[in-house]
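Below are two complexes that have chain A in common, paired first with chain B and then with chain C.
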Partner chain A sequence: MRAKELMFKFWVILSGIIITVITFGLFLYILYKGIGVVTPEFIIGSPKGIPLGTQGGVFPAIMGSILSGLISGILGGVLGLCTAIYLNYYCKNEIIRKYILNALQCLAGIPSVVIGLFGYTFLVVGLGISKSLLSASITLTVMIIPFISIRMKKALEETSKEQYISSLSLGIPKGYTIVKLIIPSAFKYIMTSLGLGTVFAMGATAPIMYTGVVIVSGVPGKLTDPFMALPYHLYILVNEGLSVEMAYGTAFVLIVIVLFINIACHFTGKNEDV
Partner chain B sequence: MKDLKENIFRTIITIGAVLSGILVLLVFFYILKESIPFFREVSYKEYLFSSSWRPLSTNPAYSFLPMISATLYVSFLAILIATPLSVGCGLFLSFNTSKKSSRIILSFIDMIAGIPSVIFGFLGLVLLVKFLERNLDMVSGESVLAGALLLSVMLFPYIVTGCTETFMKAKDIYYGASQSLGVSKWYTMRRIILPFARKSIFVNMILALGRAIGETMAVMMVTGNSPIFPKLLGRAETIPSLIALEMGTATYKSLHYSSLYAAGLILIILVLIIQVIAYMINKAGMRRIG
Partner chain C sequence: MIIRTEDLSVYYGYKNILKDVNVTFEKNKITAIIGPSGCGKTTFLKSLNRTIEEYGGKTEGNIYLNNEDIMNIPVQKLRNRIGMVFQTPVVFPFSIYKNMTYAPIYYGERNSQKLKETALKYLKIAGLYEEVKGDLDMQATKLSGGQQQRLVIARCLTVNPEVILLDEPCSALDIKNTANIESMLLELKKDYTIIIVTHNLAQAKRIADYVIYMEDGTVVEMGKTDDIFDCPLDSRTKEYITYMKN
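Entry: the complex of A and B
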């Protein structure tokens, strides 16, 4: 009896400590290893050295990641918000509503690599759009639509139902109510979903591997240019065994961007609901 | 004037919703359509029950069995490692730390879910694989074990967050009563909170499993990628890695190409089965409580 209790205590405390240590260790390790590599030159320079990437910087990759994240975030955000509003306020047919929701849930479960396969064969090979910022961003958009719309739908549901009904019964049109009342009161949550979706897109490697990202390029000037991205750059550095040091630097930049957006979303989102 | 604005707004919203609906359906139908030639050409005996994968040889053989078993092996092992730790951690955070510090720790654990998986793959390669090579006397540390250990870390946030939520709820319901009866904290945790949360722990496990099965980059970077039957300390290749690695080399519309779509379809079916199981358990649980 006593022994059981002791074992139980031991297990709970030990696993609590293990997970906490691993969690903080992960972040600190990357930050600690990367900070020495990251110099101003690393941030604003292009990959140099032979083979390329062993020296120089990652500026094109940073810009590529930000651009593809931005484009897919905007596309996915607009489509996701429309879907969420439609499902919550305009869809009158219960069956259609259910089907759309289930389909979104299913798509959310599809592994990103399968979406990459779809993007590659449908957009790049099938439709003949070249490997570019455009086709990669569309693929990422497909990936984050369910992610964003499910979260935005939840955000809209949390707004006051009474206000909505009162507004309608005062004779104020539906669209006006949604734009002036519902969206402002759910604005924080909507932005949080958008931010998290963008981070999700920026960190993904598998969907862009064959749809637009290349090992070395400049900053993309137009939508049909191929581009570099931080996660893929990191993958190449590690997988081809080019430079572990540069990999730490790249991982540092990537994690700082991701953490920054994550923390911003986390804390603005949390204040409301506690 | 007002009516016009309303109509424009409604039209824009509907167009947006229809567009995303079309995209979603397009993905499903495209995957289905492209995998049909494979299922028509190759019998289920070959792709489910034979043992070798050599799509490019003159005598091609298409068997997903090594990849399916590798995927399930890595994922189940990862769940087996992650669950006890995560449940323990959930109990620890609900009962043994102050509210404030547990909230901070939880938000950091949550943030693990936002770290791109390629960073995990990188860390796994430089830390975990090296560690295994040194300590287990392996020629190459890239193995099922490395994949499972790495994946288990990536699953922590999913299981810990879900479980802690239930533990907190159980604490609100029972802890006051059990305290006033003079029952110790640890006894309450073990005999009341844990049994109460059993179902929720199971559901969280299953949902995490669904995520584990689809994980690509991290697992691909540390498991070595050979399409052979998986052994704990040997190399293996999961279905997502197979698709990611061979996507670029398969000729458009060839059988090899179609087989990758078939692999994707099998992966989706696995994930869907898992999701449906979780959904059904959840629903059954709801009915009993409510």
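Entry: the complex of A and C
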């Protein structure tokens, strides 16, 4: 019995170590391989060289990724938060609640390439919106909604039901209670969910391949412009055999942006004065 | 008489928690509800301002507030008139001052001077002002349990209710804090009607004017405190009181 206990403890600790080593190893490896390429010219320049992308920089891709991530993060955040509020505070019917939760689970399970195909068929072909920042952002929003909704639902549950009911007991309606008490109380968790959703969207390639991203373009000036994105640029650099070094540089930039957004969301939540 | 119930029953799903409760609560008096755990005291309390509905409970029968059926009063207005304080002190994760101005701001008070006056007035009534007067911007969660409970009562008073429901407000407090709350309640009854659920029979005896004894979701007996404690009419009441005394 004691041997089994020790084996279990050993395996649990080993699993933790493996995950930590993989995570930090991956980060450090990409940072190590990419740092040599990352210069000011790489950050603020456009792709150059023949074939295109073997020289120059990734500025349009940085801006494209940030813009598509932010738009889908905002859209997904609003929809996700409202869905979470509905599920936690307004949905009285248990069947409807389960149906919505199951729908979110199903949506979360759909491969991103299928969501991309749906976005292309519905937005680009069906509604006639061109391959653009808008189409891609909406498609990314569909992808991250279940991810954000479930996390925001849990975030709102962090606030005790007693607080919610104490506010109602003062004769204060649900809406005011949610806006003035529940959301500020769960702000840190909400921001963290939003940050994770945004970086999830920024890292996705498949949903934007059919809906808005192109190999080369400038910084999108309006929502209907096509755009470059870091993950797709990385995919092209490797897939077409253009430059593995530049691909690592691109991955480096993407990881730094992702880390920055995560840290910013964490501290935004932490500093919120409630 | 300020509140009267008529054949009040409460259900959680198909489970009948309260059965045909008929009681009255006198104005500006303290009524204590006592009884063994699980007898429906808290459920009864929660049904008086329809908080029970937030827990999925359903009521049958009638509850009258000043002879007006509470189902005819908009639920927010009802909860404004019948405030509630829970067993565990539930302070909002704001500063002490923001806890005190949370409800007045909702009710439209924007004048910062008036908000401050309201906050200080009720902190004083709750006997908390002297302890926190220099720290109104401090997070309320940093107060002690007894202070938090008094803050919650003070916050409840900011909406000027007619009735205050208290669900075992001292169960997590020490003797000193319990004494503070009890003396505050004795002061408050001059202006408010107080209904308190308590397991502490000594507390009921000390502060209550009337006592209701409940068992298995029904009211066994109600009457003046001395009558219930000294010469209960029902043998079940007598048994419970004797058991708890020992």
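Convention: the second predicted complex is superposed on the first by the 238 of 274 C-alpha atoms of A that agree within 3 Å, B and C clash if a C-alpha of one lies under 4 Å from a C-alpha of the other, contacts with A are read in each partner's own complex, and residues count from 1 in each chain.
Quick note on the criterion: a contact is a pair of C-beta atoms (placed from the backbone, for glycine too) under 8 Å apart; a residue touches a chain by one contact, two chains touch by 3 or more.
What you see is a predicted model; the values in this text were computed from it and never measured.
Shared-chain residue A:I44: touches no atom of chain B or chain C. Shared-chain residue A:L79: touches chain B; no touch with chain C.
In the superposition on chain A, A:L28 makes contact with neither chain B nor chain C. Judged by the touch definition given at the top, the superposed model places A:P173 against both chain B and chain C.
Using the contact criterion defined above for the overlaid structures, shared-chain residue A:I165 touches chain C, although it does not reach chain B. Judged by the touch definition given at the top, the superposed model places A:S185 against chain C, while chain B stays out of reach. Comparing chain B with chain C, more residues of chain A are touched by B. Counting contacts by the rule stated earlier, residues 173, 176 of chain A appear in both its interface with chain B and its interface with chain C. Across the complex, chain A is touched by residues 2-3, 5-6, 9-10, 12-17, 19-21, 23-28, 30-31, 34, 84-89, 91-93, 95-97, 105, 107-112, 114-119, 121-123, 125-126, 153, 156, 160, 186-187, 189-190, 210, 213-217, 221, 240, 243-244, 247-248, 252, 257, 260-261, 264, 267-268, 271-272, 275 of chain B.
Residues 49, 51, 54, 76-81, 83-84, 86, 88, 90, 92-94, 102-103, 106, 152, 155-156, 158-159 of chain C are the ones touching chain A in the complex. Contacts from chain A toward chain B in the complex involve residues 4-5, 8-9, 11-20, 22-24, 26-27, 29-30, 78-83, 85-87, 90-91, 100, 103-107, 109-118, 120-122, 125, 141-142, 145-146, 149, 173-176, 178-179, 196, 199-200, 202-206, 209-210, 231-232, 234-235, 238-239, 244, 247, 251, 254-255, 258-259, 262-263, 266, 270. For chain A in complex with chain C, the residues that touch the partner chain are 160, 162-173, 176, 180-181, 184-185, 274.
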